[in-house]
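Below, chain A partners chain B and then partners chain C, in two separate complexes.
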Partner chain A sequence: MAAVEAAVGENGRERIVVFACNWCSYAGADGAGVARLQQPPNARIIRTMCSGRVAEKFILRAFELGAAMVLVSGCHLADCHYISANSWTQKRVDRLWDRLEKLGIRPERLQLEWISAAEGQKFARVMQEIEEMRKTVTAEEIEHTRRVLAEEREKEAVRKKPRVKA
Partner chain B sequence: MMDAGRHPRIKLLTLSEVEEVTGYVGNFHVKVRKKARFVDEGACTSCGECATVCPVTVPDEYQIGLGTRKAIYKPFPQAVPSAYVINLADCLGMNPIACGKCAERCQKKCIDFDMRDEIIEFDVGAIIVATGMEPYDPTAMDEYGYTRFENVITSMEFERLICASGPTEGHLVRPSDHKIPKRIGFIQCVGSRMDSRGNPYCSNICCMNTVKDSLLLKEHYPDIEIYVFYIDLRAFGKGFEDLLKRSRQAGVKYIRGLPGSVVEDPETRNLIVSVENTTAGRVEQYELDMLILSVGLKPREDADRLRQILNLSKTSDGFLLEAHPKLRPVDAPTPGVFLAGCVEAPKDIKDSVTQASAAVARASTVLNSERLVVEAITAVVDKDKCTACGVCARVCPFGAIKFDKDKKAPPEVIEAMCAGCGTCAAECRFDAITSAALHR
Partner chain C sequence: MAEQENFRCLRCGYEYSQPKSGKAQVEERICPKCKSNSVRKLSK
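Showing the complex of A and B:
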């Protein structure tokens, strides 16, 4: 969570937050760097052991802090280092897309991509595409997102008050 | 294999299938189905009398269908254990009244039609997976005419033809007229290095297998003309380049380019091969007596079942995934499971032996250590926050979270099985799971 906060940092309006898994996508990003492929400078990559670790609240927190785009990226579906953990990522992101839509947030701002360790080129291409999409995200849109998600979180906090054990 | 069979501390379970593996590194519990052999393998002396009276004749799998065997047979001469076996599917009903000739003939009375499958259970500390591969079946790539022309064979069939214990006792003849071929062609990369059909990867062994075969042919039949059609020749191993050089010196013609079409001359049954020779930059035609498809390797058909039993993952080409491609090449991602041989990737004998030795060494470090060290990324359950909903146990890809629905108690994490992916932590709606390093 602290990593998300640091990644969005100041000037969040232009930020792209990338969650990349340690085994495939992070290595893919590394590959893109080694191959000196052009990438947007406003992206911040957060490494997780698996894309399965990326909880809904991480993504929502990034949006709440004002990130323009969030990319969740992991190994291809049959190639997960943790057997099938990324299938849960897929389900979770599917769920989140629905939720974002209901909250009036464009679901396209959350992207899910499977990028293997060998696909540095693909990583760079995806990042370029996301940067293009990022340019369409307006300041008002981000303000709206921040407000909606902050409200959501407060509601959640009320709901999740520690249960009083009898 | 013989040595392994005789070793006092190696228990060999042949004709057996692993049905279930539970537990974790150091504490695996394995359930194995030992299939009925219908022959007492301890008493059988391999005299072969039973096979002489068996009335059923079927194609022999070991000879790739080029020879025949009986319903009671020994899979191949050096089979371990050295005993006969009855194939239930071929035998004339397991009814001793219907046939039972073999049981009458056997002097040692070791044929027992009442034998049934047995389930054997035991505990092991580590598991090595070495289930191998299958050769590619070129039926789908019919531009080479494997299904249409008799004189087009696979490298596996060729191997039987030149084997001293093969159907022709090592005399090379072509299938259509049983004459010794004068001009032979090898087509490389059949089913390998192809994105559209077959497999995209290099099968590793076929180049050197063809080089070896070409030298063998030149030794036995010095006048034979050999043409090898290839994309690249990959002679990367120790001494391999030397072998390739010797093959070239022996007069084997290597032509860079894969044939575009193969047609058969209906009279002579010879094959006319058109190929773009990319070194010379022209289209050439060759009339050959026999064509050998150098088929690649592919994962076994039943590999997925084994993968589910052992909770392993595969790479995009279907071979098993190692824990790290460079630093832990024989470990499976599941702790306590190790890989050896072609189940991990296509490789030759030397590499398989190397990998098997490494896997054994890795397994013995597990077996000989008193304690196992786990990384500090394993999941920890906060028992106060946990509502015992069981989601974490359901999502764990490693089955490392034990949860009993009826007990309504927080789940237990088996640290030896947890790989630290964090899926449970992300799915927990109550923030009750974190990784150990972040706990406290």
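Showing the complex of A and C:
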């Protein structure tokens, strides 16, 4: 969670938070860097061991802190280092898209992409496309997201609070 | 006739439908237009 907070930083409005798996997408991003392909400078990459490790709360926290776009990226479905952990990612992101829509947040702001270690060019292209989408996210939208998710978190905290017997 | 599932690409907005897969495993979704994997299954 601290990594998410550090990644969003102070200038969240322009921020693209990327969760990249250690084995494929992070290597793909590295490949794009080595090949000197153009990438948006406002993206921050958080390396996770697997895209299946990216919990819903990490993504929601990034949005709550003001991130404009979030990308979850992992190995192709048949190539997961942890057998089928990234199929959970697909299901989790599906759930999150529904949840974001219910909260009045554009689900397009959360993107999912399967990028292998050999697909540096794909990583660079995806990042450029996401940067174009990021430009369409308004300040009002970000403010609405922050408010709604903060309220959601408070409700959740109240619900989870243990009841003390009198 | 096979049951259809509807999908929407969250990158380019393209909507398409395809026959429902009988496989229990999760399959990779790819937008036929922009090749993005950010494809959302639409509820009926």
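Points to keep in mind about this one:
Note that the second predicted complex is superposed on the first by the 161 of 166 C-alpha atoms of A that agree within 3 Å, B and C clash if a C-alpha of one lies under 4 Å from a C-alpha of the other, contacts with A are read in each partner's own complex, and residues count from 1 in each chain.
FYI, a contact is a pair of C-beta atoms (placed from the backbone, for glycine too) under 8 Å apart; a residue touches a chain by one contact, two chains touch by 3 or more.
What you are looking at is a predicted structure, and each value in this text was computed from that prediction instead of being measured.
Touching more residues of chain A than its counterpart among chain B and chain C is B. Using the contact criterion defined above for the overlaid structures, shared-chain residue A:H76 touches chain B and also reaches chain C. By the touch criterion stated above, A:R92 is placed in contact with chain B alone, chain C being left untouched. When the two complexes are overlaid on their common chain A, residue A:A6 makes contact with neither chain B nor chain C. In the superposition on chain A, A:M49 makes contact with chain B only, not with chain C.
Judged by the touch definition given at the top, the superposed model places A:E113 against chain C, while chain B stays out of reach. When the two complexes are overlaid on their common chain A, residue A:A139 makes contact with neither chain B nor chain C. Overlap of the chain B and chain C interfaces on chain A comprises residues 76, 84.
Across the complex, chain C meets chain A through its residues 10-11, 25-29, 36-38, 40-41.
Within the complex formed with chain A, the residues of chain B that make contact are 311-316, 321, 333, 377, 395, 397-398, 419-423, 425-427, 430. Interface residues of chain A, counted against chain C in their complex, comprise 76-77, 84, 87, 90-91, 94, 97, 107-108, 110-114, 126, 129, 133. Taken in their complex, chain A has these residues touching chain B: 48-50, 52-56, 58, 76, 78-85, 88-89, 92, 116, 160.
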